[in-house]
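Pasting a structure here, questions to come.
Order as written gives the chain letters A, B, C and D; numbering starts at 1 within each chain.
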Amino acid sequence: MCRWLAYSGAPVLLDAILYKPKHSLIDQSLHSRLGVETTNGDGFGIGWYAPHVDTPAVVRDIGPAWSNRNLREISGHVASHLFFAHIRASTGSAVQQTNCHPFRHGRWMWMHNGAIAEFHRIRRDLALAVDPRLFLDMEGSTDSEMMFYLALTFGLEQDPPGAVARMADLVERTGHEHGVEYPLQMTVAVTDGNRLWAFRYSSQKDSRSLFYSTRVDTLRALHPDLRYLWEMSEEARLIVSEPLGDLPGAWNEVPEGTYGVVQAGRDEMRAFVPQAA
Amino acid sequence: MCRWLAYSGAPVLLDAILYKPKHSLIDQSLHSRLGVETTNGDGFGIGWYAPHVDTPAVVRDIGPAWSNRNLREISGHVASHLFFAHIRASTGSAVQQTNCHPFRHGRWMWMHNGAIAEFHRIRRDLALAVDPRLFLDMEGSTDSEMMFYLALTFGLEQDPPGAVARMADLVERTGHEHGVEYPLQMTVAVTDGNRLWAFRYSSQKDSRSLFYSTRVDTLRALHPDLRYLWEMSEEARLIVSEPLGDLPGAWNEVPEGTYGVVQAGRDEMRAFVPQAA
Amino acid sequence: MCRWLAYSGAPVLLDAILYKPKHSLIDQSLHSRLGVETTNGDGFGIGWYAPHVDTPAVVRDIGPAWSNRNLREISGHVASHLFFAHIRASTGSAVQQTNCHPFRHGRWMWMHNGAIAEFHRIRRDLALAVDPRLFLDMEGSTDSEMMFYLALTFGLEQDPPGAVARMADLVERTGHEHGVEYPLQMTVAVTDGNRLWAFRYSSQKDSRSLFYSTRVDTLRALHPDLRYLWEMSEEARLIVSEPLGDLPGAWNEVPEGTYGVVQAGRDEMRAFVPQAA
Amino acid sequence: MCRWLAYSGAPVLLDAILYKPKHSLIDQSLHSRLGVETTNGDGFGIGWYAPHVDTPAVVRDIGPAWSNRNLREISGHVASHLFFAHIRASTGSAVQQTNCHPFRHGRWMWMHNGAIAEFHRIRRDLALAVDPRLFLDMEGSTDSEMMFYLALTFGLEQDPPGAVARMADLVERTGHEHGVEYPLQMTVAVTDGNRLWAFRYSSQKDSRSLFYSTRVDTLRALHPDLRYLWEMSEEARLIVSEPLGDLPGAWNEVPEGTYGVVQAGRDEMRAFVPQAA
């Protein structure tokens, strides 16, 4: 499927996170350890919030991340306090920019690892459930973008966990109607530029891996010699498909059927259960 | 909008038609004379039938045709008795391969110049009218692909002129329901590998230009010195958005509200009128 | 050939300069008025300096600028006090990233409009004149990159005007040895991140157009209602291949055979004459 | 490094060789078993000879082969009696079309797996050894293209094995002058459209893998049930970086320091030793 990474913290050059760690996301594009595929070379995307601009920048391209010079240039010269990065392994839909993550709607960004099982069979029914005014803005052909627009339809901008739960419920019900046993497999990150939500769920209770980073102050105490820890702020938090390195104590698995919120003050983690709309 | 070309005749290297004429389609990609835009640089595509293969090859790319080396290579080494070529000027939808013409379904190819007016407003209603089994195969976001799948829904494979007439009627009715005065503008070429249909129609009776070539034997009599005429077979027929040169007597305008059929035996031309399904 | 733009002033979002003006560089990519070609669709590049990073970011791509979404995203979210932008119309060399401007070497950036006449005939002789240690860093096949590396060879980092004059002299002498009457045609911009030099010169004394902007305080007095003037700082200076609009009093032609320096304090303009090394 | 494949035999649709075998070259682009890298996703190329055209078609692109739709389209509709295919894993030089194999000069094609060690250090010296008239035609920045142009300089068109031996000698001598212990690592295929030469050599006597296929009549006797064997003609011969499947008896290693010739009549295999020019 795919690999992704979300960062929230003090502004940092993107490459401090995307390139410098030993098993960075860019390294994962060629050598994923925990993914279904070892190669994630079917496009990539980054999205970041910049000062004084409401909507995030989203830069996406269709080649592999590992050889993309523009990605390296941008990462080495752009700093952000909140950014997403995603590398794609297509499960069949076209390799094109509009199928690359993150997806954006206004201030909101969304990225996904996983799949809607037998999506081609239920795509039309799901499309009909999207708010007609939002339907116009869908440009690609992925299950991931459809999930985003369903969540928007169900009130993502007002109640992210609730909207995602209603989206998951619709996908499961629609799948079951078409005889699909386990319709949904997802790790999802979504943000409005201030808070960041991450979800780990699958119909089969066997979800793709998802990890969050230990508090930076704790890590620094454990590993005072690691330079990149000092480039990160104390409140920095990373959520990743797979750890960026083997640093003991640095990574914690998000439990099955759980979502977390990264926000000012205290982060939270709660159970995630699909809910009828 | 766009420019296109359809060839039917004895097998000929594609570049004899695509590159060698003075005002070739490739030249039109930079210097269109009759198009709404002079530059058609938002992707291109070619589709051709090869011996012993039922379905046509479709090669599409997102850059300009004029600088594409692969297009030149293929054109200089592939011969075909029936091929399409299309250069695109996007009217807003994404510049991506799945939005490039020609579109293919089984043995069939389709390409289009023009637009559905205010397509974003009626896109969803049109999508609902597509046969659910065909819906799955739509990959892009253009009005042109939607027209193709509506025509397929309405029986393109059995009755091309009738299916296109029913598609046109649906587009016009749906547009009118949304308050669009002139919903449809189109020149369309469609083929099954044997016969070739070309349509010129617009709701406003002010359609984009469309021309067909004079019989080659007639042209040779008029211009015995032109080499490329002798590379073409006597039954060769070209249908083009705009003439490939200034050769007197070579090009005839397809009348407003008309379609033509290029086929073994006698070609035909008839009135085109949208028809309720 | 090409079109380019260089900005120096208070930090500004790139799109304020690249997209918002009426006849912006992006508009020039489709509708150049003063260029040799009206279409500049064979790749583009931007280069900018970011806070706390010595070397500039250089982002280049091979498609047309007008349809490139990533260019728009970056331009709408990145601010810089000094940036270059270039749109390319190839005169024959391959359309590839390493042939797109600006070119970078350490802190330095270079971009060019024009050509070395019959470059293919003298390319090898010029390549031999490049410092062997610098030779390794040339990646593309353009005359423009060769000019940059020759200028670097001749001391660009110590004495930009002198190094460019020695480069021009070498090109002219080498061309003449091969029977080329007018070997060099150039407008060039070069910067180290602090100062910005712009050159207008051609062997034939018939150089491509080059303009610099009037002092912003003067312009504001003339046109108090223009919003984008107020987004620019007082010391803002633009150097462009062709004016970004028809604003009376805004644009001044760089005279034939002249170079200018934009710098802290007083800008300068001086005669440019090739000089033997 | 890379993987490549050369086919000579009765005309066959390219996809019979490129896609249908279990461990096809396209599969190798994601899952190479014998290569230095498992992923070869930094561009690809195919070259084929068509009837009635002297020079081969060369189609190259910069993305991964595995997801490239145009490659699949062409392969499914173009038949040839002699073709090359190459998938690239860059060792540092830019991912661009002009760095993709095969390279072409007139009727000749060349492709390479391996590397000139520390090429950046000796690139300039090698470039100086290229015939000045040929120098103009080099467009990329790879060691592989340089090897081709050196071989052309040394008489490739008259005496392929001798020219390659002189090229290898020059590379080794130049490398040694710069203190490189093992300058050359190569498997190379070269053809003029009639005969096909394949070389396996490395300074260290530890060359990249290279295999040739057993005579098809022998294979059919061993495996009468394999359909793709029957799509190949009796004189069909494949030379490949790694076997296309696990068929017992199908593949034979080209010995270290050896070259082979595939030609009408009897194929040959001989020792390969660099020779002073």
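Things worth noting here:
Simple rule for what comes next: a contact is a pair of C-beta atoms (placed from the backbone, for glycine too) under 8 Å apart; a residue touches a chain by one contact, two chains touch by 3 or more.
Treat the numbers as computed from the prediction; the structure is a model and nothing was measured.
Under the contact definition stated at the top, the chains bordering both chain A and chain C are B, D. The angle needed to superpose chain A on chain D by their Cα atoms is 180 degrees, rounded to the nearest 5.
Interface note: chain B and chain C, two copies of one sequence, contact each other through mostly matching residue numbers (shared numbers exceed half of all numbers used). Our note on geometry: chain B versus chain D, Cα centroid distance of 39 Å, whole angstroms.
Touching two or more other chains at once are residues 69, 94, 97 of chain A. Of all the residues in chain C, the ones that touch chain A in their complex are 13, 48, 50, 53, 56-61, 69-70, 73-74, 76-79, 97. Note for the complex: chain D touches chain A at residues 30, 38-39, 41-42, 62-64, 66-67, 69, 90, 94-95.
The touching residues of chain D, counted against chain C in their complex, run 93-94, 96-98, 120-121, 123-124, 127-128, 132, 135-136, 138-141.
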